[in-house]
Amino acid sequence: MSRNGTSGKNGRLDVRKTYKMLVGGAFVRSESGRALDVEAPGGGWLGHVCRASRKDFRNAVVAARKAASGWATATSYLKGQILYRAAEMLEGRASGFREVLQSIGLSPVAAKTEVSQAIDLLVYYAGWADKYLQVFGAVNPVATPHFNFSVTEPMGVVAYVAGEKRPLLDLVSGIAPIVVGGNTVITLSTGRAAVAAMELGEVLETSDFPPGVINLLCGLREELVGQMSSHMDVNALVVQGGDEKEHTASREACALNLKRYFPRDPGGKGDEDPYRILDTVEIKTTWHPVGG
Amino acid sequence: MGADWGYAPAPESADHFKLKDHYGLFIGGKFVPAVSGKRFKTINPANEKVIAEVADGGEKDVDKAVKTARAAYDKVWRKLSGRERGKYLYRIARIIQERSRELAVVESMDGGKPIRESRDVDIPLAAAHFFYHAGWADKLGYAFPGKSVSPIGVAGQIIPWNFPLLMVAWKVAPALACGNTVVLKPAETTPLTALLFAEICQEAGLPEGVFSLVTGAGATGAALVNHPGLNKVAFTGSTEVGKLIQKSLAGRGTKLTLELGGKAAHIIFEDATIDQAVEGIINGIYFNQGHVCCAGSRLLVQESVEEEVVTKLKARMETLMVGDPLDKNTDIGAINSKAQCDRIRDYLKIGEEEGAELFQTQCSVPEKGYWIRPSFFTKVAQSHRIVQEEIFGPVLAIQSFRTLNEALEKANNTPYGLSGGVWTDKGAKIFKVTRGIRAGVIWANTFNKFDPTSPFGGYKESGYGREGGRHGLRPYVELS
Amino acid sequence: MSTISTLSSRFNIPSHPVDEVGIKERVARLATRSIKKFSKVEGLKLALSMVDLTTLEGADTPGRVRQLCTKAIHLHSGRSDLPMVAAVCVYPTMVRVAREALKGTPIKVAAVATAFPSGMNPLAVKLEDTRYAVGEGAHEIDMVISRGDFLRGDYARVADEIAEVKKACGKAHLKVILETGELGTLDRVRLASDIAMEAGADFIKTSTGKIQPAATPEVVLVMLQAISDFFRKTGKKIGMKPAGGIANAKAALNLLVMVREVLGPAWLNPDLFRIGASKLPNDILMQLEKERTGVYQGGDYFSND
């Protein structure tokens, strides 16, 4: 797909896509009215994406919080179904996605690999939906006449800053363990990766995710990370990449409400690590007497 | 004849052991004075008498301790097989059992808690904690399927004064079992059982430097947290200090777990087993003078049984005996320190100024020492400070509710999320409410139960990480 | 006989569920009370004054009952500071003998009635049994509830029967034996306690002594809580009598602790608290002698009556 061509084949003028962010199930522009130029890989102009403001992030948190309890209590079976549905939707648009990825600089082979891996990763986490509790939960043999068990529960609202290296996979590999854990998520994509992210929004929106469960923003990392780390209604922050200065500032800001903070190395090493699900869930332990 | 029948004093004997006049820091397997030569006094809060003097550790002492811990980690502990590590922990567990009465008496003398609790709860649980974790040391691979497990390194641990020895166990047992070495700072008002624990490590033959103890106050703790040689910091204490620690570690790779404050809701439904629920309230807020981070400090009682519950609660509270912690019949001991006593008194004043109604029992309290009679407030609003803030004393705030959803809403309307309680005889409702409370430990038809196999820790501003159970190992291992 | 249909209007028994583990924890905590020195001596004497000294054997004879009555009056030779027991508890045919033997003392005579211990007789027979015992001079009647009726859910019949027996008692006090060892759960102990009190019991009593388990601390605690609730609701003080298996001084002191902390000091007298026992007094006497002399005692120095 070409963004800078003024005319296509047969002299027909292309209908361009306006990339919008996904917030609370709706496709929105930044409330600030600002946009960012996306540079084409070989130089030149590729298109516009929104430049989310702190207010956009706040709105997304409100949407994510609103969706949190519904998604948290949705059955594991349903969560698995919806994640699998997302894989199906992505598979259905695989060729389009390959084009998008190529347009933002991936080689045809790399684009193909990345789309396939993203689909497979969604399927992988769909399968975890009704299993990680069995693997990571526990029944604890306490020394008193009580039944005692530990289960995972979602933390609530999680913010995620995606890297740019793997435009689609960095985003999907962050979202999947967060939402399969029952959290709602607000993601930030930056640079050219924002184009892939906004494209993914259209896939997710048709995958039966309830509105507000996944909210996709794009904008400037240096502008928004500080908002994400300091917001008092965000329970955890997961970031890919970032320098030491950013991490230090984020950890400090996260201390405001003891937000959980998880920096992750860019790259695919832990994509299929179910322990990532554990990062953004809490362990709840319940006691009850055993008697007559 | 019967109407005035009561209980004669039944003091636990303290003549079967002898405390030293002063204690040093425990570094590299030896007791040593602080580099500065400074000491501070630890007093018995029940009579304000000095029990012993304790070395006041400074930066140089902390540095020494961390360095010996590093050396012990590199040269000894990380190389030791899990099986052998476990055997040291088993030894420690056994020695705690053998010295249990001495430990219980010292715990009550130094911290003010009733001997009934230190004898029946703190010390046995501390031993159980070592026993439980001893068995994990050579089985860690099974705790983390699909992962290879290794220790983190040197852990700096800071513990509070409410369960002095038990907190030593909660911190030290998993750290050592997972192959880490430890530098621990106990609270300045309750250092004695931690010092006895250091003796126990000597008796157990624990290699030098695997466990070190630096006594002191906040400055000592700050020196420990800020020492660059730590790979891991574990802190139990106030949310305020927890946030400061997270900030001060922000620029370092040091791992951190926090077990902080709470303001737990204790929900009583009309279909509860009311008499047992009342006992649950008592255990929830008057256990350990209310110096419990997971205390059930907010009572939410369904309006239809509010009067019955409050009436019964008052009657039960009047049977609570406040006084000498070493008396076997004492239910409520001394407030841990003058500072804490003043703080609780301030809250009692604040509650009344906010318009809440204070009830306190009639029991007599000794003249010397720090005491607060069991207390509760009625006519409180969600916005009152006595509902929002952690008092850490025997002070309960009572609110009523009409419906399950209202109860949950009030229960969760707090930045804390450490624990919660629910009483109802209806099974389905138990699961709905225990799921609905946003907290890490939920007691249903019981309260304030602890066990080494049971993970403990909070949601939200009550901290992160778990202690106890399989989940309690996670903060002390690297997975790859 | 009054009809079952009248029950709902006469007896309003709300549900009071009981949690077994919670009860056990409370019992364990009460058991940690350490009773030493003067409170031990005073408590043991108090316990003696609350004993219903009991003989309920098929082999009971007037001679045996007279001997027991002597013990009831003179618990231990050489000690003038000891109280007499509260009552002597016998079968109906022994009431007259006991009355005679206890003449001039404040010691009451209690009779088990209503086809004790099984209660497996028609109501008419039970009422006649009661009237006979009262006629013989019993101050107190210890009746058994119909556990069969109770267990099959016919609470109305159980309640009506108690009410009828109460009428037949006239001025005699009625103690209602729940036979808790046959009820199965603490919830049922609580329900039976509530029914008995609503139906007119002056005392509720745990057991006949013929079935194990009998007066476990758990059962006693549940019954004390029922009495407490009944008092809160009606203002009436119902008495409590644990019986069966209470054989040593420590158990007796533990009972006093429970009464004191659950019902309050107002219940700590023989009008409202009794202990049904046969062997208990001697163990208490041994403890009292130990406190007096400072040396542990042997059974040969105390009369087995």
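Some notes on this structure:
To keep things simple, chains are lettered A, B and C as they appear, and every chain counts its residues starting from 1.
Assume a residue touches a chain if its C-beta (ideal position, glycine included) is under 8 Å from a C-beta of that chain, and two chains touch if they have at least 3 such contacts.
Remember, predicted model here, so these are calculated numbers, not experimental data.
Two chain pairs, B-C and A-C, are compared here, and B-C has more C-beta pairs in contact (counted per touch definition above). Of all chains, C has its CA centroid at the greatest distance from the CA centroid of chain B.
Inter-chain centre distance (chain A to chain B, centres taken as mean C-alpha positions): 38 Å.
Computed from the mean C-alpha positions, the centre of chain B lies at a distance of 44 Å from the centre of chain C. Chain C has its Cα centroid 70 Å from the Cα centroid of chain A. Counting partners per residue, chain A has 146, 289 as the residues that reach two or more other chains. Along chain C, residues 19, 21-22 each make contact with two or more other chains.
Among all residues of chain B, those that touch two or more other chains are 445-446.
Those residues of chain A that touch chain B in the complex are listed here as 73, 135, 138, 140-144, 146, 148, 150, 153, 155, 235, 244, 247-252, 254-258, 260, 274-275, 278, 282-289. Chain B meets chain A in the complex at residues 128, 144-147, 239, 242-244, 246-247, 249-251, 258, 260, 415, 430, 434-435, 438-446, 449, 451, 453-457, 459-461, 463-464, 466, 469-471, 474, 479. Those residues of chain C lying in contact with chain A across their complex are 19-22, 24, 184-187.
Taken together, the chain B residues at the contact with chain C in this complex read 1-10, 116, 120, 271-276, 279-280, 308, 311, 315, 319, 328-329, 425, 445-446.
Interface residues of chain C, counted against chain B in their complex, comprise 16-19, 21-23, 25-26, 32-40, 42-43, 45-46, 49, 225, 232, 256, 260-261, 264-269, 273.
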